[in-house]
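Naming follows writing order (A, B, C, D, E, F, G, H, I, J, K and L), and every chain is counted from residue 1.
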Amino acid sequence: MATILLLSGPNLNLLGEREPAVYGTTTLDELVAIASETAAKRGHDVEHMQSNHEGDLVDAIQGARGRCAAIVFNPGAFSHYAYALTDALATFDGVKVEVHLSNPHAREAWRHHSVISPVVDGIVTGFQAAGYRLAVDAAATLLEERTT
Amino acid sequence: MATILLLSGPNLNLLGEREPAVYGTTTLDELVAIASETAAKRGHDVEHMQSNHEGDLVDAIQGARGRCAAIVFNPGAFSHYAYALTDALATFDGVKVEVHLSNPHAREAWRHHSVISPVVDGIVTGFQAAGYRLAVDAAATLLEERTT
Amino acid sequence: MATILLLSGPNLNLLGEREPAVYGTTTLDELVAIASETAAKRGHDVEHMQSNHEGDLVDAIQGARGRCAAIVFNPGAFSHYAYALTDALATFDGVKVEVHLSNPHAREAWRHHSVISPVVDGIVTGFQAAGYRLAVDAAATLLEERTT
Amino acid sequence: MATILLLSGPNLNLLGEREPAVYGTTTLDELVAIASETAAKRGHDVEHMQSNHEGDLVDAIQGARGRCAAIVFNPGAFSHYAYALTDALATFDGVKVEVHLSNPHAREAWRHHSVISPVVDGIVTGFQAAGYRLAVDAAATLLEERTT
Amino acid sequence: MATILLLSGPNLNLLGEREPAVYGTTTLDELVAIASETAAKRGHDVEHMQSNHEGDLVDAIQGARGRCAAIVFNPGAFSHYAYALTDALATFDGVKVEVHLSNPHAREAWRHHSVISPVVDGIVTGFQAAGYRLAVDAAATLLEERTT
Amino acid sequence: MATILLLSGPNLNLLGEREPAVYGTTTLDELVAIASETAAKRGHDVEHMQSNHEGDLVDAIQGARGRCAAIVFNPGAFSHYAYALTDALATFDGVKVEVHLSNPHAREAWRHHSVISPVVDGIVTGFQAAGYRLAVDAAATLLEERTT
Amino acid sequence: MATILLLSGPNLNLLGEREPAVYGTTTLDELVAIASETAAKRGHDVEHMQSNHEGDLVDAIQGARGRCAAIVFNPGAFSHYAYALTDALATFDGVKVEVHLSNPHAREAWRHHSVISPVVDGIVTGFQAAGYRLAVDAAATLLEERTT
Amino acid sequence: MATILLLSGPNLNLLGEREPAVYGTTTLDELVAIASETAAKRGHDVEHMQSNHEGDLVDAIQGARGRCAAIVFNPGAFSHYAYALTDALATFDGVKVEVHLSNPHAREAWRHHSVISPVVDGIVTGFQAAGYRLAVDAAATLLEERTT
Amino acid sequence: MATILLLSGPNLNLLGEREPAVYGTTTLDELVAIASETAAKRGHDVEHMQSNHEGDLVDAIQGARGRCAAIVFNPGAFSHYAYALTDALATFDGVKVEVHLSNPHAREAWRHHSVISPVVDGIVTGFQAAGYRLAVDAAATLLEERTT
Amino acid sequence: MATILLLSGPNLNLLGEREPAVYGTTTLDELVAIASETAAKRGHDVEHMQSNHEGDLVDAIQGARGRCAAIVFNPGAFSHYAYALTDALATFDGVKVEVHLSNPHAREAWRHHSVISPVVDGIVTGFQAAGYRLAVDAAATLLEERTT
Amino acid sequence: MATILLLSGPNLNLLGEREPAVYGTTTLDELVAIASETAAKRGHDVEHMQSNHEGDLVDAIQGARGRCAAIVFNPGAFSHYAYALTDALATFDGVKVEVHLSNPHAREAWRHHSVISPVVDGIVTGFQAAGYRLAVDAAATLLEERTT
Amino acid sequence: MATILLLSGPNLNLLGEREPAVYGTTTLDELVAIASETAAKRGHDVEHMQSNHEGDLVDAIQGARGRCAAIVFNPGAFSHYAYALTDALATFDGVKVEVHLSNPHAREAWRHHSVISPVVDGIVTGFQAAGYRLAVDAAATLLEERTT
């Protein structure tokens, strides 16, 4: 059994009430529940942390080193400029999955570029709440592949 | 029960033998099997078509109108310039998922931009063979959400 | 009496049902009829060909060399990248008119640039079905000017 | 019966003598005659105004509001930078057609971009004198479509 | 009576002593006093918060949801890259005013672009201390307009 | 007592009837009244001039030299390219305030860049009619600061 | 004996009092005198015209066709965007010289590009008042070369 | 003895009659003969295929895997955008030579960039018909070097 | 004797274990020891602070005003976007040295631009652990030069 | 009496025989004679030096420091990239004039940018042989202005 | 019999020992021997010159005018910026072939653009030592074609 | 004991008298003395060479191969375009340090990019004369690390 760190970036604490046309009506707690449930089915544990502070997320990624097997990360708006997160993820040897609720490529131009994407294993975008199930599922699969 | 059209773009017929370090060792037949199996579990059918010809893929997308409920599409190198596919997908009302075996954002600069991404519902990249399972799973979920 | 080749690019076979707010409700058959009727009034013949395949359109342009006096071409999405069509048109000595149903300059940025425009005689965009009448009318006028 | 405002931008008063290889040998008066004749056949009236002054053209467009049903506009070099004309046209609710004698896309790079194109209904370029007939014809057709 | 949140970004705590030629000699406390006084005259309350931490400002904006009627925000250098603030402001339904002491357009090129400007109602720049009075005045006016 | 020149650029004479969703329903006369009233309260006079002609605005700015103490300028679409106005303003030593009714940064990309902004003291955008009151208020404050 | 049209663009009427550090202390009248004197020595006549209106300058260039042998033009800020002047100059067959008092390449970036330079015979920049003597001298020399 | 696949892209079937000033007067059949003769002298065989269809060329490259030792490819206009050919060539382990009859760097800007060049061993451009002899010669030499 | 503030940006706390091929095997504690020792030899004191939080670093720089004589700063990934640090450093009047362990110009493109470099006195990059000795040495030298 | 250094960059030794349509038929010796004669009339001396070596030109500029009063420089193709010449000229306190025989702005795009222009006093381009007379005349005038 | 000038740019004197993985193990002397031998078979002579000095290469190209029939040029790193060589080659009327040992398009981005390519007849890149044989062969063929 | 080659690029021979506000008042001889002294303390020898000729510097770098252990290089303005130096340095296996007296990132935009930086081990900029001591110190340290 491994621990999967589920990380949520800025403004994701408002999910459910924030622009539901874009982000859906599921709350962050519900998303965490979906992720945990998915992980549990695969024999894994989910640890969740949300922050509006880039530094807290860097700290959390560092703290996951040697302790968590995978990170599933929705960086929110930090996707587009927070290179300190890029560097932090590069120091983490485990499985790394980027997840977005909406499809950034169908939105404003500044959302089309992610500084996180080049350092993760895979990306899941646009499936709203279901994306969290898929991302954890993907992380679990990569974990299994690596341990065999 | 619905039909999901699984579309594979240029050079994907070589999967398994083509640059396995990048694309993995699974063959296209095996990927189709994975997709079919995943769809079957959700009560759906997979129809597969691969072509190195942009026009054939446009024809296939048009042919899916009113007949298929979803398209799961790995456009291969067509992702980066084939706007005729962009327009074709825009005429298809069903669920649309883009899938890539590798993570294009960790490769050459010209692979970072997809002309397909703005017109799909969601995107799954970087999970190799497992990505097909996840993409079909995602498509099935979106289908269920839309019919409820 | 001369033959005018009316060429229709990818996805134009769907006209009438495809995004009617953008492209109008006239079908491709109706557009061909409008073009033929306009040509007939000027003593010319229209030959029509539609394809979703860039190569077929290159073949058709080559086949028109020495046989047709003019080409009226709606390249659809191929307008924006299909340089093989640019080169093919450059080998055709007759009258060349580009036509678009919608006004690409009022749509997405990638539709603002046409690789076809630099090698045609004139361009007609934004008049929906009436554009086909105008384009054939224009071609006929240029034919008359060249033969006098 | 409606009034169509035919607007001619800077240097078009020199037509006939100015670079005939590019702009043809027809004079502006002859172009106005062509336009008037075309309009008359469709039961409309043409009012013409030429100016080398951007402000005069803004005034003319404003003056057409509520009085003219359509504007056929050859903005000349103002096409490429005169955003005050863009804004003026946006305040005019009638039919708007942009016309150029030559094909700007086959000329210098700075002529490829028009700040007028995004706010008109349709565009006719490259047909020399015949373009005025086609543009008025197009305007008349759009007028008929809107009133039916 | 409504509460207006006055938010000050990084380095603004140094006002009065920091580059007075650029930012003037008024201290942040004095600016808050000006803002409060202006608000009071309009029957409103000012709540002030300054932080050098992007995350704190995101928290503050979120905390203002449903509690404050307006935000007057001087984002300082965060104007130019802190998209997490862009997203946070987008979740706030009240009146939003951006204020800068200096005129960024008369300074270094990197100060000309603000990621905050597209999501606010209005902007006041270049008036030094008086800008705070004007910004609060503007916010009060917009509040009144919206409630009538 | 000083004279403040209120300058209005192209198409602003249509205010009230032009795109009210963007520019509000206040007419230019009403805006001038607001500005005059505001100035009067501060002991100043407003002189107004509107033109669709760039040259007239250059003339007006030059004519204000040595006669007016401040210019409050809404350059309309001239903001984006009319460098002759930039140069004219640079020759005026008094207070200079740029004002826009709408927030250009929330509109088309070509409205994001102003060639006027680098040569004014301050900018007020997005507050509709109230912006004129604020801009005159700001100009009056700067005048007072300079004379003390 | 030939007539040389000396054309002065926007804000040049202020020479002598406008930013003397940049443009020198010579007035426009003095510059015209210098030009006339230089021309007289070569047996030519100078006709001068200054305007802040782009359209007036277009009119003047058109009016010089067939009447003047050369144009010496200081386009001021119109250098950087007024393509209507580019087109007007292209219709003038005589000698064309561009002159600037200051050296635009040593100033702001937007002054480095001139839309006038590609259509003139030669350019003289940076010599303040002496530049007018040199430009007229150059024009006279080109006239002599062309008539021999 | 090895087989060298000679591949010709779009519009090359017209060689001899198409723009002879640019492409020379040699026909494609004559070029194939030159290539075959050159190969024969080195003990190799040439197999030729021309297509205006990108997909056919992808198929041909795939079909050469494990059967041909080298590909000599004139991609014509596909050079500039057909990334599916880039990917196809990357799957071919043998010798790869790009050949162009004209020198693209001395032509239009869009011909300066080739998406094929980064994945071939060497390039021969600008020598007209002789280029085919040189390209086959080069391929034969690389084959010999690799087998020794 | 003066105090030199040694500031370390995000992820530098992991030095020694993080990508040793890039950053070397020296730990941050060892780097601080090197810096302290170097400073001591010059009669100065080193105070060290590391943070993954941009705001903490802004606070630290502000706190050094009037208390520390120099700042030696390794901004890590903040180098590339954290303009709040640029502004904070601009308010510090003492000696400012930027130091990087690796040579950013030999790495990914996004590491080539530093928003910190324009506001420091000097820069030392690429010398791994020795760079800290050199940077403190440089700071001490600048301190001596300024006090003489 | 002062010495004016006339400097000629690469390939100018071929003048007279090199592309006469572009550069005229005057030889470099004749240009030097024109320059010398012009200088003599103003009481100055011309010293000439031509080199195809950037370093020689840097040496010559350095050697002119304190010995020559002015440099008239035709940098030829070095205009577009040789920043070592930019720096060398910046160390020369005397009068600096850049001269070109042709008008670079009417030629290839890469000739539009000069790295020399920002550091000279004035520029004379496009007047062929007469340009040398004008440039020396300009230099002499600037010398006189500076000594009075 | 004609003389072919073989020109080698900077750092090519180190061939054989410099980065053999990129440039092969053949020395420059061996390349010259290959070129001479190839030329001899076609009845021509090779004259070789290598220099690390751009000026020497300009001199050599000029010296070849009227004396050599062809230039085969490996400009090394000068390919990417040395416009003085571009101009020099433009003055040489004979056959001009550019040759590179490696394939620059498969290397760093700055190697993709050559300022030499637009002024040569043809280009041979990527064939290591064999490229010299091919380039001389190509030059000989062009010489024969031009003399027949 | 090893030899360190100290290389100085164009215009550095003027140090001490050239723009002292930017480059300090130390002469090149004094800088060489500083470097030699620093090297001597570490048991090394300094050999110095200055040139305004790019080719001489390429020769010098080549001549250092196998004879010098390190190069300390101030490329001056060659930093920004001289790719021949980039290539030459790439062939030198020893320690490579780039040094600049001023901080190029605080100066003109064209000084921000160095084509030398990607191929050196480390960089020291902005410390004036002290930079030479630091650069030699750094080189010596890298030498020691490599030999242990």
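Operating definition for what follows: a contact is a pair of C-beta atoms (placed from the backbone, for glycine too) under 8 Å apart; a residue touches a chain by one contact, two chains touch by 3 or more.
Note that this is a predicted model, so its numbers are computed, not measured.
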Q: State which chains count as neighbours of subunit B and simultaneously of subunit D.
A: C
**Q.** Any chain that touches subunit G and subunit D
**A.** F
**Q.** Same-residue or different-residue interface between subunit E and subunit F, half as cut-off
**A.** same
Q) Counting a repeat as over half of the contact pairs in common, which of A-B, E-F or A-E repeats D-G? A) A-E
Q: Please state the rotation angle, between 0 and 180 degrees and to the nearest 5, that superposes the Cα atoms of subunit C on subunit J.
A: 120
Q. Taking each chain's centre as its mean C-alpha position, how far apart are subunit C and subunit L in Å?
A. 63
Q | Between subunit J and subunit I, distance of the C-alpha-averaged centres to the nearest whole Å | A | 47
Q) How many angstrom between the C-alpha centroids of subunit L and subunit F? A) 54
Q: Could you list which residues of subunit K touch at least two other chains?
A: 53-56, 81
Q: So, with touch as defined above, which chain pairs make the list?
A: A-B, A-E, A-I, B-C, B-H, C-D, C-H, D-F, D-G, E-F, E-I, F-G, G-J, H-K, I-L, J-K, J-L, K-L
Q: Can you check the complex and tell me which residues of subunit C touch subunit H?
A: 53-56, 58-59, 62, 65, 81-84, 86-88, 90-91, 115
**Q.** Residues on subunit F engaged by subunit E in the complex (per definition of touch)
**A.** 103, 105-106, 112-114, 117-127, 130-131, 133-134, 137-138, 141-142, 145
Q | Residue ranges of subunit C in contact with subunit B within the complex | A | 9-11, 13-14, 18-19, 51-56, 76-78, 80-81, 110
